[in-house]
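Here chain A shows up in two complexes: once beside chain B, once beside chain C.
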Partner chain A sequence: MSEAMQTDPYAGERLKESPFHPRQAALNLREAWSSWNGYRFAEYYYDPEYEYFCIRNGCGTYDICPMQKYRISGADAAAMLDRMVTRDVHKLAIDRVTYVVWCNDEGRVVDDGTIFRLGEQEYMLTCGSPCLAWIRKAAYGYEQVTVEDVSDEIAALSFQGPTTCAVLKRMGLEGIETLKPFGIRRFPFQGGELMVSRTGFTGDLGYELWIEKDRGLAMWDALYAAGEPYQIQPYGEEATNMARLEAGFIMPDMEFAEALKTVHFEHDQTPFELDLGWLVDFKKPHFNGRRALLEEKERGTRYTLTKLDIEGNKPAESSWIYRDRDCTKQIGYVTSAMWSPAAKANIALAMIETEYLDGPIWAWIDYEKELRQYGKVARCTVSKRAFWAPPRARATPPPDC
Partner chain B sequence: MRDFDTIVIGAGHNGLVCATQLARAGQRVLVLEAHGEAGGLARAREFHKGFKAPVAPSSHHFSPTVARALGLEQHGLKLAPPAPFTALAGDGTAPRVVRGETLAGASVEDAAAWPEFRARLQRFADALEPSWHKTMPRIAKGPVKSLLPLGQVGLRLRRLGKEDMREFLRVFSLPMRDLVDEHFEDEALKALLAWDGLIGSRMAPRSPNNAVLMMLYRMASQSHCAGTSLIHALGSAASAAGVTLETNAPVAKILVAADSKGQQAAGVRLASGEEISAEQVISSADPQTTFVKLLGVQHLEVGFSNRIGRLRCNGLVAKLNIALDGEPNFDGLESAQGRLLFAPSLDAIEFAFDASKYGEYSEQPVLEACVPTLETPELAPAGQHVLSAHVMFAPHALRAGWDEAAKADLAARALAVMERSAPGLREQMLGHELLSPVDLEQHYGVTGGHWHHTEFALDQALMMRPTYEAAQYESPVAGLWLCGAGCHPAGDLTGMAGYNAAQEVLA
Partner chain C sequence: MKRYDAIVIGAGHNGLSAAAYLAKAGMEVLVVEKNDYIGGAAVSRELHDGWTYSNCSYVCSMLRQAIHRDLDLSRHGLMLVPYLGTISYGLNGEVMLGYHDEGAAHNELKRFSPHDADAMHRFEADMNRYSQFIRKTLMRTPPDPVAPKIRDIHELLFLGKQFWNLGEREIYEYIRFFTMSASEFLDDYFEHYLVKASMATPGIIGTALGVESPGSAYILLHHVMGDVDGSIGAWGLARGGMGAISHALASAFQSFGGEIRREAPVAQVLVQHGRANGVVLENGDEIYANVVVSNLDAKRTFTKIMDPKDLPPGIVKKAENYKIRGSSGKVNIALSGLPKFINVPDNRYINRGGQAFIGSMETLERAYDCWKRGRWSDDPFIESVIPSAWDPTVAPPGGHWMSNFIQYCPPELEDGPWTPEKRDAFGKTVIDKIERHAPGFSDLIEHMEVRTPYEIEQEVGLTEGNIFQGELTIDQLLFNRPFPGYAQYRMPVKNLYMCGSSTHPGGGVSATCGANAAREILMDLKRPNTVPEDDCYDE
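Let's look at the complex of A and B:
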């Protein structure tokens, strides 16, 4: 073979493979690959619904290597993060995790993610999309803060489902049952360190495992060996999307458009619009977007992301929301919808004009039956609580563990 | 803890103007100056035993409105008619001299073109003049009447008539070279006429931007006074108004009262550790120093902080002060009155600028000089003189770094340029000092050692100066205001930023 043929002209364009790829590729029976942040990423491995039921009834793993991870450290790290996000970072104890959103100067959501406090002056921020440019901007003017993108250095695996605690115990993580939600614990692992946080994106009992990338496969093998009797199974994006919707969690490009990427005026969202007002801590004298958010709070929020229980069983995907059954007054739109097997309900998240939330709400649902298009109007009921929030998700120790 | 209504940071001329205005309105005002004397860049500083000079030796367009408002005449300020501005080409030709409306030493053709050229630009300058005194409107927010200043400018330009209005719109963003090339032949004269659009900025004759606007800014209310006498009058007016001035009192931090209701500037902490409280803090320091060093970005929005952070603040002017054993003699001049330009052509300016783009200074620097001791003899021992020069296109970020050798080298080059028109200059020299932009930054606390605190260019002018959300002198933190050259209109000894800021604080 000539040298020219050996050189891949698209080398820089090829998708990266996560440290878990050799095992995941073997299990991806359907070759259902897409991509996330430049990584080859599974939409599903075998069947999305099967994988979803693994999350709800057993356990499954979800590759979060493509998730962005930034190590933010130094004497000013806490102050820098506290100014960047809407929550009070100073309250975050060492070895604890907190869910946060951060906004631009106008109070529009740039992204959401989690902050891990790893030490006195050391934090890890994780989020779904690359955010390094914004974090560097947020660090401008602080003398003692270092921002490192460690996304490719860490092998991270989300491990979710009711049997996860039992599997981790079987894997040898002693005392894991005492780890509280949003807690972090470290375990020795084959000469290295395995960090476990009790976090996840499924609204159920679950953990996330963090280890240096070279030990990723060994960790996978140990976990899958321990999980074998529990029928441990990898799951992909589709199952994740089902589980998170039942839990009422928001997704970028579904519930919100990242503020730094929108072109049209106010086609992005504020935390209040996303029903995340509880993350906005006005007790803090300052944080980015505070002034704009305070104005919004006083003025009232135009839209509110709302959980809907919709009559019937036809998912209201991309539906318009109306004030009246005749669909003359449009008041919102559905962002995500599905039939929820766990809740046995036809559920949706929808952006609805706040002033109409108290009145009747109707959805126009388009659906297809064997290539024929149908439409129907369905009554919607606002649900205040998540559709899936089992007590085991918060219990310490978790049941059966 | 000592308490005042207002603390003004910095006793430069804008700080003093602002403080005096507020004190005259009944406020208890404290001015804190880092150095031993007030005056900022107009403060005379000893550079050779017995010889002193300020960085800004004179003002050419101090605002008569400010002078009137503060009654500066009663405090000894005399705004004299414009001083002559003389081009010394260094080639044995007669000096070209502009003084107000008159032009001497020009060719017949150039002399014929002069009156109309000058009169038209003066009409433009007069039409723009009031806008330098007005707070610029907020972008997208604020009452409709805040747009009035812009509307008034438009109206005044419209009143000039169709022909002038069209001409203004055509030329206001022209490179200086295109403008003067249209009217004049003589290279040395063209350099002279272009100079006031360029000096202090990162701009050369071929740069399109706001060089013409800068020149019009400088043509409004032209006058002359010595920098030191201006500071003297301002100090006297401040003291008469009851302003408390403390020197050797560098501010370390602007204090912010912060609770769940938000943030409010509450005073300052001095480098000595003393904390002084005030209802409001007004900073005449440059925007980067004010917001990043003194306030701290933790009190500001991310986007706003980054706009402050990317302000272009790198100075391009070095200060060369020379102690002379006697009055210097320049070819063809009876006396070295006024300002002297050592730039034989537009190309000479352009080439000198070119070097600075790549982190170097030119082998043939261009410079503007004056002999301040002719009107302020006390700056030197009797019979001796000071020559004070602005050496242009000496970049703050000199690639090789500003060490003693670099400064000695640039001083020698500048001296060589001047010697072409003043052959005996070197023999009269008793000593000298060259202050690079880095030195200016260190001695005067100005970021980048920049004349205007931050570049005066279209993107950093009017309601964009220093940046939106701070362009009305009010900062995003309640009770913290700006009043320095980094605000509208810009730098130079005009007093307008300080005056406008005081008007806003009192509004």
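Let's look at the complex of A and C:
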């Protein structure tokens, strides 16, 4: 028995705390905690909608310490990653980041994440769920590659919103305004090194800050000092979920079930089904799931994840999707839905049978008013573009910076 | 010479909304605006380097979501951000905080009166119920109950059904509502002076009535029937200031091919053979159009830019007597830092809502008494917001701007018209009251803009500086707005329409008057309707 368990018999039940926890706990006025990968993690701090508007109107921080981070290095690192993920990793330049998915042999998505190219032979892979066992498998046969789980070594903070560039500049990160989307830059910080990538999960202007764990709090303090006149605010899972849905980004356990964890073989998804065909590069020789995906590409995809703009203002949470207004022919289901305050639209992501995408689409929406259940049928329109994609997210330098 | 399908007089937000819907229907539309900037009273101007004021209207709740969505105003640059609760300042330094969390808000109310904390739930449910009825009327043309056409009968039946759905008890209450004072109405709920006074203030904003005057209860409802993203009663700020609303509407209008001409004040509406035929500008230019739409208030439209000979005499008289009394002032202040208010904790959230410098019901009524005598009170009601605490685009980092709305401020003083000296004295009264709650406040002032009804009328063109383009009293509401018999946006001269908030459903930056007017015009022209239905019917 460890010492902690002797003094606190419940120590094992309590979740880990991120390096930012002391500051975040002070700001979590609602004590709204959940968990992510064994870390205590905020659902929200003050109010989900308030925090969402910080992302769209000002700036906010989101703790990504619980996100899994693997350092993959060595002469074979690129080749190994190329075998693992569907995208061509050899195209990734140093100090650039790319979004990837990886699949099992059947072409079903194991997880999605990002690959950072940190050096000639050095990469960092990040993802939502622990993936070490799968990465080790992907490394079979490659002699010169080391995989290291650095999840607990790095303090990482996502910093998102239209004023983020101005705040980072104020924090002393000179030249940050020239950093392009998916670029990486390093800055000296209090004797250490602060790595900044222009990445995020909100579809807005934003950055992610990476620093060694012990300097995490100092970085937080410097960022919050610089962000004070910009009303910097931490945001939690709920605001993140709103922002990512507006941006049209997928979420594990919402849009897809991780293939290694599903019981039924059809309960997971392929990249094509998730409308991520653009991530699958058949020009490269071999990668996990290639043959199955090639077959699927030729055969056609049964389901396609589709962005829907739905009439009315009742969110279509967990709705069935039908081909007809009378709801006789079911053609899909909604995976995520919300009223979008930024786009002023009733938006959803839905898995819909591909062959029906060109026809009429209706959603049966259940909603509640003062404990009474109501239902309505609403017309859906397929939206090709993201519901929220402001030009500032892509502009270099960003406006007002 | 070019002939437009329609000319809209005034680039206020309703003029732009009407213009956008007409242009969307394929019409060639010109908007003429007297100022060198657009927006009317939904305007943002940088009067001091780095600080952008919402010079007139300052918060938003009534802009119909259906219009925002239909015209895709988000893509045209509009973002509405809801703000948190309001701090109410009472007597002797007493301060009531408006917490965002329901439980915390209840606890705070309990500090003043456990009775009122409980009663607040019933009050909110009642207001919500009353709001739901009135909300359903906003994007509909009021039916004519006296000379009904088939369409009016349908509308009357619709309204009758909605009204009946309120339930028997509420129907009685509702009828009382329109003639009650805010004070009488609130007596049924609250006992603590500050709770009651803070709930009463929406009943006097923008109106020449007191908390004790019959009719002020409806004004109260008018201010809580809006919403932000479906949250009824919530208020929000437009990112970039209220001008962002007008700019988004203008951008939508221009995306449909619409044209805006600034610095083009209209001298007169041209009428030929009993039909509106265009406008003549003050510089003598004549511009012709098949339809003329006035975004000016009813009094101004019929007494300033029309030849009385072109109008039925009854209408000229009605316009002269139209109740459009100036009663509000506005003081916009650029600050070098965030003021510190007595008895308000240094709470980053609480300082980001509104602030209501009230006093008591008596303070409010006394301020009204002063107005009646052509004075301003030395203890006026001030409703303030610090938009820069939310909006990073309206002040430099660390700097702030404070919007102060003052009730009451007379359109003319007992000893004659406004002068710059009297205006500054009025501004000082406002600062003095804030200073009493925030010592050191005046040291933070970098710049200020003081607007009495005189300035509002001169700059915006609202008669007497009345923010609603006419009082929101029952004699001027629904089928009586602006005048009985002319509530369906059509004016006594053929092809002449009105689209400002002198028409149903009145003021408050809803963009609805304009949209409703466009729908009627398109109907007369037998063009397909481009105006959406409201989205509030399944609330």
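The rule we apply is simple: the second predicted complex is superposed on the first by the 392 of 401 C-alpha atoms of A that agree within 3 Å, B and C clash if a C-alpha of one lies under 4 Å from a C-alpha of the other, contacts with A are read in each partner's own complex, and residues count from 1 in each chain.
The rule is short, and it goes like this: contacts are C-beta pairs under 8 Å (C-beta built on N, C-alpha and C of every residue); 3 or more make two chains touch, one makes a residue touch a chain.
Computed from a prediction, not measured in an experiment: that's the story for all the values here.
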item	value
Partner chain(s) touched by A:G359 [first = chain B, second = chain C, both, neither]	neither
Chain B versus chain C as contact partner of A:G175, first or second or both or neither	neither
Partner chain in contact with A:N288 - chain B first, chain C second, else both or neither	first
First, second, both or neither for A:R56, with chain B first and chain C second	second
Partner chain in contact with A:K344 - chain B first, chain C second, else both or neither	second
Complex interface listing, chain A residues touching chain C	30, 46-47, 49-50, 53, 56-58, 162-163, 166, 170, 229-231, 312-314, 339, 341-345, 374, 376, 400
Interface residues, chain A side, partner chain B - complex	79-80, 82-84, 104-105, 134, 137-138, 140-142, 282-286, 288-291, 294
Residues of chain B defined as touching chain A within the complex	256, 258-263, 292, 296-306, 309, 476
Of all residues in chain C, those that touch chain A in their complex	65, 68-69, 73-74, 79-82, 84, 100-101, 228-230, 239, 348-349, 352, 389-393, 397-398, 535, 538
